[in-house]
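Each of the next two complexes has chain A plus one other chain: chain B in the first, chain C in the second.
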Partner chain A sequence: MNVSLKRIQAIFIKDYKEFSRNYAVSIMILFPIAFALLYRSEAGDQAAIYAFIMNFSLAMLTSFVQACLIAEEKERNTLRSLMMTPASMLDVLIGKSALVFLISAAVLAFSTYLFGYETSNVMLLTAALGISILLYTAIGTICGLYSKTLLEASLSVFPVLIIFTAGPFALVFEEQYPFLEVLRYLPSSQLSELLVAMEIGAAAGELATPLIIITVWAVVLTVISFILYKKRLMDQ
Partner chain B sequence: MNAISVQNIQKAFGGNVALKDVSFEIPKGEIFGFLGPSGSGKTTLLKILTAQLEATGGHAAVMEMPSGMMQKTAQKRRFGILTDNSGLYERLSIEENLDVFRRLYDLPKSSIDQVLHFVNLNADRKKRVNVLSKGMRQRVTLACAIIHEPELLFLDEPTSALDPVNTAHIHKGLRYLNERGTTIFLTTHDMTEAETLCERVAILHKGEIRAIGAPDELKKVHRDGTLTVELTSGEKERLSMNEDSATAIAGWMSRGQIDRMYTNELSLGDIFIKLTGSELV
Partner chain C sequence: MNIREMSVNGQRIIPPLELSMEKGNILGIQTNVQRKKILLAQFAERRDIYLSFAEQGEYTRLTVEELLRFMKSLSDHNQPVHSMLQLFQLGEYRKVKIADLPASKKIYLSLLRIYYAQQPIIVLEEPYFQLEEPDQLAFARLLEELSEEKQILILTANLEDALISCDTVYRLDEAGLHLLDITDADDEMETRDEPGEAEFKIHKIPTKKNDKTILFNPPEIDYIESINSSAMVHVAGETYACALTLAELEERLQHYGFFRCHRSYIVNLQKVRELITWTKNSYSLRLTTGKDSVVPLSRTKLAELKELLNI
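And then the complex of A and B:
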């Protein structure tokens, strides 16, 4: 596969300029920060509250912004113009995802600092959040590629936001409704489990399982986003 | 060597046939015009040639490679495309839009100045695209398509939104590109554009090529075999090309009564109507 750093950089710079001038989308970076400030003084289960902020931020910032960036390119036919240049599928997807990845990473790190979350295993937390950003970026790409307009894309992210953010909370009804156990395998539930396990100092095996499940989600959704992009190269 | 070779291309969308056994060849270095009304299959063919659409049957080769290969990075450097669907980045300036394409094609910064001069937009380079008129946007889109001086240029209605002055400027630029070796595949509704710019044209109607050739050749083939003599008295005589007419003309000439004389040729628009029964709109 043909990958060029120069072309990735061209797409990254272009997206950065567009993002910084599109206030309707760039305002999303304020949500995680506002949530971190809002919940920082909450007493109780710090890991669970922090997991909620991270899950909400990943859907509301990472997926939403990526879906909007892709859908806007589709709506204005610039994605097709981009596909006609020497930029390969990987150039376009890496270039477009790199901006969202860096913005998400910076905002989540700042939100973590504001919230005051502390962990003994920074490496594991960084890995879990890094993989989660990739996963939610792929979800945003899929939402953007499926949508015909920017409005459609922004609406398509809401089911993701509801299911992935509320999923871990719905598990409290698991005993009454056993089918809800399936929600345990959501990446958001796994991130919550991982953070709680880290807080209680669980064994390495218990920490590895959630990370592996999140990674599987990330790989599967990234592959789906690649397949979908390739399909969009051609008219039907 | 052919820049484009199309053999019996067919395309159907469900039960609707868009192209029926279309065949033609375009030698390298030619400006070729594709004429046809909306829905005649022009854009479908353009999409097949640029690998945006798969043909139902037949074979198309571009730069001596199957057209499906046009999505390969090395091939994509060789062609440029402007369609009515080509988009621009609204929040970026003209210069920033061109800079995206310059970087993607790995070109020097001077390529932006050259192409801005080409489309007559040097003075407006800092303007954001979302404040531009339709004609200016069309010129920016064209600039994005030609910034890398492609070997083959696909243009779908390149001057449809332009005023006569800018149309003439673009035509001059396209001829310059062509002189430097760029083959141009042009679809247009503008008969004057086709006649002045294209070495050969094809008339497409309902997915079929009805005529193909140089504009002058087509006019010769479809001329009605008469000539008109305008006399100094103001009378106009329409004559068949035969011996009697020659005698009459000789008589008028000897008396100095002929003001002007010309063969009655159909225009390209007239030929299109004659072949298809449709008006070009």
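And then the complex of A and C:
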């Protein structure tokens, strides 16, 4: 499969125009910003609240937009004719993912600024969020592949939203229900742990573990989304 | 181009076929929806064919110009967008979003994707079905131009659509491809004026559809029906008007195994499958062509028919 920068760029621009004119989808960029403004004045547990906003935004923005971009293409039968142009399946996926990555990165950076979150280690925070965006893009791709229409895609993101965003909160009940321990290994819980650990100034070794777990999630889900993407499109 | 044999439930739908395609000659195949889908599925497996589907969607939030620019950069097309707009006669819609285009223009625009195809063969499914007449003409003109470089095949269930731009039209049924003998109305006039030997016998049945004269071989015809005193020739589910009267047709066709089974029907006896008796005095003939092809048989003709068939 050959990849061409020119074609990826063409798909990127096309999807950007479609995204910016589809208000039902592009309104999602307002959620992270609204949440950041809403919680900024809250005193106390800054890192945990910030982690919640980030987790929520990643599911609501990154996964949602990616799923919608793919599902809409399927809904209108345009993917089929796209496959008959020289553009490869990888061109299409990379073009879309690149757009979603950039939008998410910009919005997350802006809401971090609005929230007024300050960290001692900007590099580490950027790396953790960057990997998380990749991870949630892959989830969005999988959701998009399993839905035939835009409506289905927007609904399919809700389980992701509930499991990944609410996961860290369910840890409160861990003492009552020991099996909830698994939720600790969700990427969202790990992101939350990482941010808290950074705030109290933990050692480098302690910081590395959550980052590695998030990276493993990202790699595994990206590989799964690629395989599914190839398989599901062949079936059409 | 070869097409594989295809059977559904043990019944052969399409025999193995060989299609010869060439540039500058737009090919049309008229067949039913089921066969059309089978052909499209077979074509989809090939990498050298660009398929234009009837239910092709569009990026409705882009403007016409943006879509053409997108197609251009996707397929490394070398013509600038503004000259393509001019060629497609879409200059006035340049800045209009595709969602806001008139329905016919939207489909016209989708069809134009074939201009960016890199494959040597282009197959179109029902291109004219939903187009308004000016767009049909514009597209037919573009298609003719494009056929200089590409081999073009049109699949349609409707013969009228195939006649708009095809140079050669085939009808496809379970037996295979049948070339339709088509001449333009003007050509035919010239041949009529020629003072030839009056003795020369014409064996074909001339019919009309959309100003075109189509000549059928008698064995192709299923049955002929008289509606408001004009003869309608039924061939594989399609009807064609014929200028001859039923009496004239009967005379011409009796040597081909046709039979006047009713005051307003002539049936091809080769295609009769079943004699249905409704009541003691009411009969029908069921044909092999399909479930709903039933021709009435009058009581007076029954004896004659039985004699003909030795039953």
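Simple rule for what comes next: the second predicted complex is superposed on the first by the 234 of 236 C-alpha atoms of A that agree within 3 Å, B and C clash if a C-alpha of one lies under 4 Å from a C-alpha of the other, contacts with A are read in each partner's own complex, and residues count from 1 in each chain.
Operating definition for what follows: contacts are C-beta pairs under 8 Å (C-beta built on N, C-alpha and C of every residue); 3 or more make two chains touch, one makes a residue touch a chain.
These numbers were taken from a predicted model, which means no experiment stands behind them.
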Overlay on chain A: chain C relative to chain B, clash or fit: clash
Partner chain(s) touched by A:Lys17 [first = chain B, second = chain C, both, neither]: both
First (chain B), second (chain C), both or neither touched by A:Lys6: both
Chain B versus chain C as contact partner of A:Arg80, first or second or both or neither: both
Superposed model, chain A: greater residue contact from chain B or chain C: B
Which of chain B and chain C A:Leu233 touches, first, second, both or neither: first
Partner chain in contact with A:Ser88 - chain B first, chain C second, else both or neither: first
Partner chain(s) touched by A:Thr149 [first = chain B, second = chain C, both, neither]: neither
On chain A, the residue positions that both chain B and chain C contact, one per complex: 6-7, 9-11, 13-14, 17-18, 21-22, 76-78, 80-82, 84-87
Residue ranges of chain A touching chain C (in the complex, touch as defined): 6-7, 9-11, 13-14, 17-18, 21-22, 75-78, 80-82, 84-87
Chain B - residues contacting chain A, complex: 47, 50-54, 71, 73-74, 76-77, 81, 85-92, 96, 100-101, 103-106, 144
Chain B partner contacts - residues on chain A that touch it in the complex: 2, 4, 6-7, 9-11, 13-14, 17-18, 21-22, 73, 76-88, 233-235
Touch list for chain C against partner chain A, complex: 50-53, 55-62, 66, 70-71, 73-76, 97, 113, 116-119
